[in-house]
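Worksheet for the structure shown next.
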Amino acid sequence: MSRYFRAEISANIPLNDNHNLLSLTNLDPMDEPEPGQFYMVEVNQGYDPLLKRAFSLFRRTAEGIQILYRIQGKGTAILRNLKEGAVIRILGPLGNGYPAAPEEAIPVILAGGIGIASVFPLIERFAGKAYVLYGARTGGDLFMIDELRGLSKELHLCTDDGSCSEKGNVVGLLHSLCASRSSCLDHVKVYACGPKVMLREAAKVVSSNCIKAWFSLEEHMACGIGACLGCVTKIKSARPGEEQAFEYQRVCKEGPVFDAEDIVW
Amino acid sequence: MSRYFRAEISANIPLNDNHNLLSLTNLDPMDEPEPGQFYMVEVNQGYDPLLKRAFSLFRRTAEGIQILYRIQGKGTAILRNLKEGAVIRILGPLGNGYPAAPEEAIPVILAGGIGIASVFPLIERFAGKAYVLYGARTGGDLFMIDELRGLSKELHLCTDDGSCSEKGNVVGLLHSLCASRSSCLDHVKVYACGPKVMLREAAKVVSSNCIKAWFSLEEHMACGIGACLGCVTKIKSARPGEEQAFEYQRVCKEGPVFDAEDIVW
Amino acid sequence: MQRISSGRDMTPNLEVTIGSLRLKNPVMTASGTFGYGEEYAEFMDLNALGAIVVKGLSLKPKEGNPPPRIVETASGMLNSIGLQNIGIERFIHDKLPFLRRFDTPVVVNFFGDSVDEYAAATARLDGIDGIHALEMNISCPNKQAGWAVFGTDPKVTCEVVGAVRKRTSLPLIVKLSPNVTDIALMARVAEDSGADALSLINTLTGMAIDIRTRRPKLANIRGGLSGPAIKPVAIRMIYDVFRAVKIPIIGMGGIMNAGDALEFMMAGASAVAVGTANFINPRTAVEVVAGLATFMEREQVKEIRSLTGAAHAG
Amino acid sequence: MQRISSGRDMTPNLEVTIGSLRLKNPVMTASGTFGYGEEYAEFMDLNALGAIVVKGLSLKPKEGNPPPRIVETASGMLNSIGLQNIGIERFIHDKLPFLRRFDTPVVVNFFGDSVDEYAAATARLDGIDGIHALEMNISCPNKQAGWAVFGTDPKVTCEVVGAVRKRTSLPLIVKLSPNVTDIALMARVAEDSGADALSLINTLTGMAIDIRTRRPKLANIRGGLSGPAIKPVAIRMIYDVFRAVKIPIIGMGGIMNAGDALEFMMAGASAVAVGTANFINPRTAVEVVAGLATFMEREQVKEIRSLTGAAHAG
């Protein structure tokens, strides 16, 4: 039962007024996670809120795992108040992470806002090989810049309000990157996580440049393990002879990382 | 709006494995409480548990109030986990406390278990004049003995299991006291708080000895201010010409302290 | 959240009308959760409310059910008060004078155990100074029909609403029972029988058992479930009823804050009532009023009534 | 709590029977919350369960509703999965072989959109090795009756249950819809039409609105409310149905732990099903089994079945 474990909060540190970094020490044996996988995290003891919350693996540490989270609603507000020493129950790692890349791949990683949490371990895995395009609403929402600089081949930042680095969004950065290297895009592989509108725009860019890409999606989840069919998204159907052009696949089980080509927007 | 105020937890100290002493500092102006009055205390922020919990005034302090509580279920378990600095909302003081006694009164105070919380400020008010009969299940559940000794004329203790002081219950103690002073019971006034079965037995003793007594009752409460009619108890009806011998009165509004004669058991 | 400055002056208009009743804002109190108003006067200015709905009254005083009457459940509570009340006469003499002091319409919730009793109660309440509307609770047992609830049989609903309608020219609000298969049908029946507005939802029938004693926790066995737990059911019913009738809806069932109230309005309610939340925070109703105004300023909503049924658009 | 030593040896007997189906304990999984069993095999020994009830199946695969399909509510959740399933054929070929490996009865939950489809599905499921009972979900829309739900009209319920009953000799469990005025009546209808047992409750119909977008939160607008929020309604309905029928009841609706399961049994359930709780803690069902045994030892209950309906005594 190593995918259902108790963990102790060893730190729960505010990064700004609505983002925290949560460090967890597993108290039970835990499966090894892959970049792009996620956890369902218990946020409280009573029945309100009821459901666990989905958070990406941000970093595997010696003691356990870290999660980078945005305080968004009820559940994350409670999570923020949990103190060192609190014990919570966690389900995971769940889903399919980012696929392994061939040696010759030129990885380009897009992170929009809190999407950085999902791709961070992937950037770590590429250990200096990846081009990282990272954008947020404002400069204060760009996290781990020093670490990222050390881990990336090139780190390009942007903000919606121009308060830090370039004004614009990561799709713009991707566009420029493609334009500037249009001759040598063969080995480029794109990995992205961020708001749906960002991914939809990014899909157009990769598709028009014939670049292979994997995107991590979000959907509201109840079980996280494929049982409830609550978290489906439209994926192009490969079944021969089927009328409909799509089928519903589970973000928690077949995803959260999907081949960008297959996603029906 | 001084009966609805925010208070900060300044201490929440375990007295044994299922009793805590909660010290609160009021952050908003607060009405002065009377012995026997109670508060409705918020135990959590979400909607489960939903209702506030009723607790007696245990002690008025310079900073605010203290509550002595038993960890009984969901709400008190959450309360126990609240740390110093947490801010909770409180409604009170509520209800009618113990009535003032004439100068010549000989107060006898009965406390069964956590009932001590309700009568403690009364014992303080009687400042050395009261005979205090205090019983609990076991020695470890007898609290504040040193303080009580200082505040009482005589302090008699008993436990159900005999683990501390006399084996027996406070009604037994009351019986002995009445028997030993049967000639001079005129000025004796009894004040009691404890489990319903204890109060019912005590009612028999005071009634057969023609002693005036006031008992503090408990009922499940929603509003605490007389609006929901949820907390009623049967009280002998004084209305002339009414067939029924009782009417429902609100423990939170007409009580929690009732004239023992009027209670329908 | 940041308040977006409007450029021009935007004073949100919170006024709504329920039939001929004009309310300064859409926030009422739910019957049975606000006593006769007095209990909450120390916690708020009662003038700030859209309307005060008092505890359900009957012609004769009613003793109610034995305790325990209250059980907490997950995000909700069960009550089996049993419609205890002081009776219409004592209400008029002892409670109404206090309420008359405020510039807030008083809605009298009432019930009977027969059609005749409903009619007689209506006749007694009609024309009393300080009573601005009647809300008839039809979620109560009918003596003549073996104590089946008035509000679950369309024929009986039609009869009792019709009888009441004849006895009053006050705005008549019919409070529907949610314990029915087809709430839209019941709403249409009430409308056709003369209701000027509908209140929904009343409590869902529920129950809890103490596994230690193996007995029901409520002395009366069953009780009414209220609070946030039932909000999704209430929203759905209001959404369905909004599509079925033309008369205004007063929405209730688990409203805890302004966001919840807005959800009810968007589902189709013209006004809302705060119930169980009064027990958790006695200031809820006025805080909801304030929260509505804040929302309107932020979202540039000039007329609160424009939000009624907004979720049906598109 | 202290464990009272029994003096003599007390091995609690958790066995129950549902019609001709013998279960080693009364804890089942609720349809739609346990996938096809596989998903939970890593978290528990499936042999420890009383029975496994699989996600509702139809003759042909069903695509279900568009997302979002899940909304959390106070102590509950709304789902609008829309009965997505792989169809009976793929279930039999792809999923059943795995389930056959366990010594736990498999109950197949199924539905149709017409009486004929129900009948055909039953015929296909009947006699398949590894299927031990059928649970027919009648809380789903009826194509022939303008998509009104089968389980809300006694006449339609009678017809569809009767048609299914004719096609199978397997234990037939009818899963009732709670969205009705008179659950006891629906239960009697199902009993009279040939049900061997009843399951209740299915989800309450509910809804939620996003006040920011002013649109329903679920793409399908309405959804089914489950979880602890609905437990009081479930307990009440089981209590009422227990008094109305002779066939066993499988109780569900917000069971989170052994205490809840006991409450359902005392209300009248012979067995229980764990639903939404599987999402919160994937080990809930087996923890409930363990908790029942602990309770029985502590309270000196020899036979779990002796607790069924205990709250009705006295």
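Think of it as A, B, C and D in the order they're written, each chain with its own count starting at 1.
As a working rule, a contact is a pair of C-beta atoms (placed from the backbone, for glycine too) under 8 Å apart; a residue touches a chain by one contact, two chains touch by 3 or more.
Bear in mind the structure is a predicted one, so any value in this text is a computation, not a measurement.
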Sorted by label, the chains bordering both chain A and chain B are C, D
Those chains which touch chain D and also touch chain B:
A, C
Hey, which chain ends up farthest from chain C, C-alpha centres compared?
A
Whole-Å gap separating chain A and chain D, where each centre is the average of the chain's CA atoms:
36
For chain A paired with chain C, centre-to-centre distance based on mean C-alpha positions, whole Å
46
Using mean CA coordinates as chain centres, what's the chain C-chain D distance in Å?
34
Would you pick out the residues of chain B that each touch at least 2 other chains?
46-49
Chain D residues counted as touching two or more neighbouring chains:
73-76, 227-229
Viewed as a graph of touching chains, is the assembly arranged as a line, ring, star, complete set, or other?
complete
Mind pulling up the chain D residues that touch chain A in the complex?
32-35, 39-40, 42-43, 55, 63-64, 66-77, 79, 81, 84, 227-229, 256, 276, 278-283
Within their complex, chain D touches chain B through residues 74-75, 228
Contact footprint of chain C on chain A as seen in their complex:
47-48
Please name which positions on chain C make contact with chain D in the complex.
73-76, 78, 152, 179-182, 204-209, 211, 214-216, 221-223, 225, 227-233, 235-236, 239, 254, 259, 262-263, 266-267, 295, 307, 310-311, 313-314
Complex contact set, residues of chain A against chain B:
44-49, 74, 78, 83
